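Next come the structures, one after another.
Across the two complexes that follow, subunit A remains constant while its partner is subunit B and subsequently subunit C.
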Partner chain A sequence: MSIVASEAEVAAVGLRRRRLRLLRKRFLRRPMAVAGLVVALGFVVVAIFAPLLAPYSAGHTDFNAILAHSSSKHLLGTDDLGHDVLSRLIWGTRASMQVGVFSTLLAMVVAVPIGMLAGFYRGWVDLVIARLTDVLLAFPFLILAVGLAAILGPSLLNATLALGIGAIPGFIRIARGETLALREEDYVPAAVLNGANDATIIFRHILPNMTNTLIVQTTLTIPGAILGEAILSFLGLGVQPPQSSWGTMLQGAEPYLTQAQRLSVYPGVAIILAVLAFNVFGDGLRDVLDPRTTR
Partner chain B sequence: MGGFLIRKAGAALVVLVLASIVVFAGVRAIPGNPAIALGAENRDPAVIAAVKAKYDLDKPLPVQYGHWIWLALRGDLGVDQRDLAVGHTIAQRLPISLEIALLSMLVAVVVGIPAGVIAAVRRGKPSDYAATGVALSGLSVPHFWLGLMLIVWFAVDLHWLPAGGYTTMHHPLANLEHMLLPTIAIGTGLAAVLMRQMRSSMLDSLGADYVRTARAKGLSEWSVICKHAFRNSLITVTTVMGLQLGALISGIVTIEVIFGIPGFGSLTIDAVNQRDYTLIQGVVLVVAAGYVIVNLLVDVVYSLLNPRIRAI
Partner chain C sequence: MRAEPLLEVNDLSVRFETDEGPLLAVDQVSFTLAEREVLGIVGESGCGKSVTCMSLVRLLPETAAVSGSVVFGGVDLLALGPRRLRRVRGNEISYIFQEPMSSLNPVFTVGNQIGEVVRRHLGVSRRDAHRRAVELLQLVRIPAPERRVDEYPHQLSGGMRQRVMIAMALACDPKVLIADEPTTALDVTIQAGILDLMREVRERLGTAIVLVTHNLGVVADVADRVIVMYAGRKVEEAAANELFAAPQHPYTVGLLGAIPRPGERRERLEEIPGRVPTASAPLARCVFADRCRYADETTRTQVPTLRTVRQDHLVACFHPEAERAA
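Right, the complex of A and B next:
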């Protein structure tokens, strides 16, 4: 008996390893997606090691170099307050990644169980959840952020909350749809026969089978959140100066559009690169993990 | 059809009521006395007493809510910090933003739909790669940054168009001149979304049996593409337009701030910066209501285009 079990285990491990190798091979065949992954990882690394990488602190001001061009002291020059632009870009990366990743995680943790309940029990549970999702959908993320900023005051945390809440309906819809399909799979009645209760079926059998879809949705939600953070900070509803973010940098650069256009170019390019990298990576991941949507 | 419409309208009504409760609760979640918040931070006891009386703040919450909704339905959204009727201010600002919304959608449709069709028909050819690549970058460029760059290029460097401001529709040409850059800034991202959706649903349609049948009947390629594949692809595009409404709203808010357009969006941001709670409450309520109603309309249009959906 034990020999049979271990043989089955070995077979399962071998199968998983082979599947992973196949997925890796399929992913590596997409140069754009690989490039996206590399750039996205680069941003994450910069965000984590910002204190080591940034030449100056985010609030450091050099009054001898106001609106200075690039020099050995300030590689990308300085802004109107004498802040080192490169340092602020690096600190801004941290803010963007923080909001992008944590708001998406927040949405996932809240939304996936709710969506799975709706898809698993259907009926009135589904109906109630659908209506509540519609209520969330009635407030676009910017309006949510406006409300939160009014109640709690503008901050990085509240921008994360607003963007996280804004991403919840998308995750609910996906978790619900996947659960609706997966609960019809043969392994569900098999688990019921084995005496599994609903919680076991939902979390041990259905959830692992939708990880691929969730991973893809996560990678595609992060760039939206990065963009959202930039918008909120630009409008003064997110990160507050002297803390740096790409959005606050653009806000500060706006009055200098005629004199120092480079001040608005750098953060813009950073936003585009980050968003593009996550989008391309997510698209590639979807093609690899979810062959149904491949075109 | 009737049953479908009634069900959809009923659901929308439930959502509207719940959303209004959220807004109502939101203002009461603001730390401090709601009478002071709603009375524009005026601490004069007489004003506080008047606000309390007007909003029934000494009565139980359900009564307060009922009274507030009753006033809101009659267009009375209270008075802001400058003692102006919020309903009136919103009614003045909203048309400007609606014009921006419509023109931006026009830009998106005019650019995105043909690009998507061409990319699908010429799948795998250079024009497909070009269109797909441009669309992907269009998705990644933040509209507000594009707005700033458009100001730099067309207003600061070339002096072709005004860098901001607004002229009423009484002067149509000047109005369009002011609208061009903002709507391009918002429309580009929407066009990219539309293009990608149009391309993928056209590819679906072009692979469908009825297209093969149409080709087998000997119809010209033009009529296969336009009359068969294109018309069916438009159905999905309607839904996508509905889903993009949130992005459109955030685009309008930011772009109005950048271009100094006195629309609903800049009103929203001003309201937050001045911590004008009555104004915030009114603005959020109007957006939520508008959002629900537009989504209902999208559902209705969708069901008119696609009879299969009515059965669900």
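Right, the complex of A and C next:
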């Protein structure tokens, strides 16, 4: 008996591996998505190892090199305060990734249970949640986040909170919609008739079937949050100097647009690359995970 | 003398509140199910046979108003609290759906899903549940059960999936198995296999089965007793042999006449003219009156009650075959 069981276990493992291999194959066939993944991962790695990679601290000033061009000492030059631009870019990556990832996680953790409850139990709970979500969705994401950040006060943590809260309505709508659709699947009444309670239905039969959608929504929310963080910081509602972020770098570079365009170009390019990479990766992931795609 | 029935349904009525007003789907249906018995419920689409079965296990949406009683093991299932109801569902009364293709959760292996039911009701370990799943797959004659148990639903054919559904339904040795059109979505050859399996389940496990179908051939094949439903009412009930040998209700006669038989060349099969009526309240007439060739004044103004016209043969008709012939 034990031999049979272990054989079966081996088969199961093989099966999961086969499915993963198939997904990987389909993913690798999308060069843009692969590039997106590589670049996005690159940013994440830089963010994690920022202390090792950055030549100087974010606040380090070199008064002998103000608005200096690239040199062996300052690879990307320095800004008006003598900050090393490369170092500030690297520390800024950390701020962006932190805000991007954690605000999205926050939104997901808060919104998914709410959306699922609304979709599963319907009735007045659903009515209240859905209408409230609609009202929040009527505000553009950034306006909402800017308003919240203004109320909460400027800091990295508050920017994360503001952007996370701003992303909640979108997540609620997705979770609710998926739940509404999945609760009508035949395996739900089948499970009910096998004696399953509501918790079993929700956690075993609905949540696992919407993970694909949630993964995709996550990878598409992160770039929005990254961009949002840059905007908040640019407006002075996010990361505060001497801490570095791409948004604050842009803000600091603004007066020197005519003299030192490179100060705007570096953080600008970083923002574009990061947002694009996550978006393209998310798109590719959606195509791969959607069983209806044939390629 | 008949033994105490396993399941007793009394005056079951189901009414739905729809946008077009109330709809009476089941009108005062009563029947019993004995141990080890296979009871067939036949009728055309919309006659209330599925709704009847769903109300036995309380699967109907909240818009449905159910009255009457469903007595099982001395308690009325219709009055049971949610917790006790869950202990009955899948444990003592199991249900098989028409759609085997979509009744399994796509993200878990079939063994995992069968095991889920076993663990819920019998509280055994994961390992034992897995072992039981293999046993059950063997019972429903799935080849190489040790391998199949770890496969996902999409790797199985429709017939296999229906076997898995049956395995899941049998997981806790239920006393009653309700099968709602279990073969309708399957190929004819696969159907025969599933029916054989149901027969075998009854023989080996002694499970009583309620078999809902619109296919009279299926009923003739496996059922001991048959209930014919029409427009929400039970119009005829008899032992399977008796029903096919001497149908009493003109509707049943019409149904049997509509079955093509090999070797009998006819231009056109017999048909029953007209359409099934829908009602918002109990009709004060025979529900079949509009389509019946024997309809008269009585049929249109009075409700026929069920009465015994032959031995163990109930019919709700003013002009049953037996009396017309006489």
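One rule holds for everything that comes next: the second predicted complex is superposed on the first by the 259 of 295 C-alpha atoms of A that agree within 3 Å, B and C clash if a C-alpha of one lies under 4 Å from a C-alpha of the other, contacts with A are read in each partner's own complex, and residues count from 1 in each chain.
Basically, contacts are C-beta pairs under 8 Å (C-beta built on N, C-alpha and C of every residue); 3 or more make two chains touch, one makes a residue touch a chain.
Note that this is a predicted model, so its numbers are computed, not measured.
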item: Partner chain(s) touched by A:V275 [first = subunit B, second = subunit C, both, neither]; value: first
item: Which superposed partner A:V192 touches (first subunit B, second subunit C, both, neither); value: second
item: Partner chain(s) touched by A:P51 [first = subunit B, second = subunit C, both, neither]; value: neither
item: Per-residue contact with subunit A, leading partner among subunit C and subunit B; value: B
item: First, second, both or neither for A:P255, with subunit B first and subunit C second; value: neither
item: Residues on subunit A engaged by subunit B in the complex (per definition of touch); value: 131-132, 134-135, 137-143, 146-147, 149-151, 154, 166, 223, 227-228, 230-231, 234-237, 250, 253-254, 257-258, 261, 264, 267-268, 271-272, 275-276, 279-280, 295
item: Contacting residues of subunit B [partner subunit A, same complex]; value: 11, 14-16, 18-19, 22-23, 26, 29-31, 136-137, 139-142, 144-145, 148-149, 151-152, 156, 200, 203, 245-246, 249-250, 253-254, 257-258, 268-269, 271-273, 275, 277, 280, 283-284, 287-288, 291-292, 295
item: Touching residues on subunit C, where the partner in the complex is subunit A; value: 57, 59, 82, 86-91, 94-95, 97, 99, 102-109, 111, 116-117, 120-121, 127, 130-131, 134, 146-147, 149-152, 165, 168-169, 171
item: Contacting residues of subunit A [partner subunit C, same complex]; value: 1, 4-5, 7-9, 11-12, 15, 185-187, 189-197, 200, 204-205, 208-209
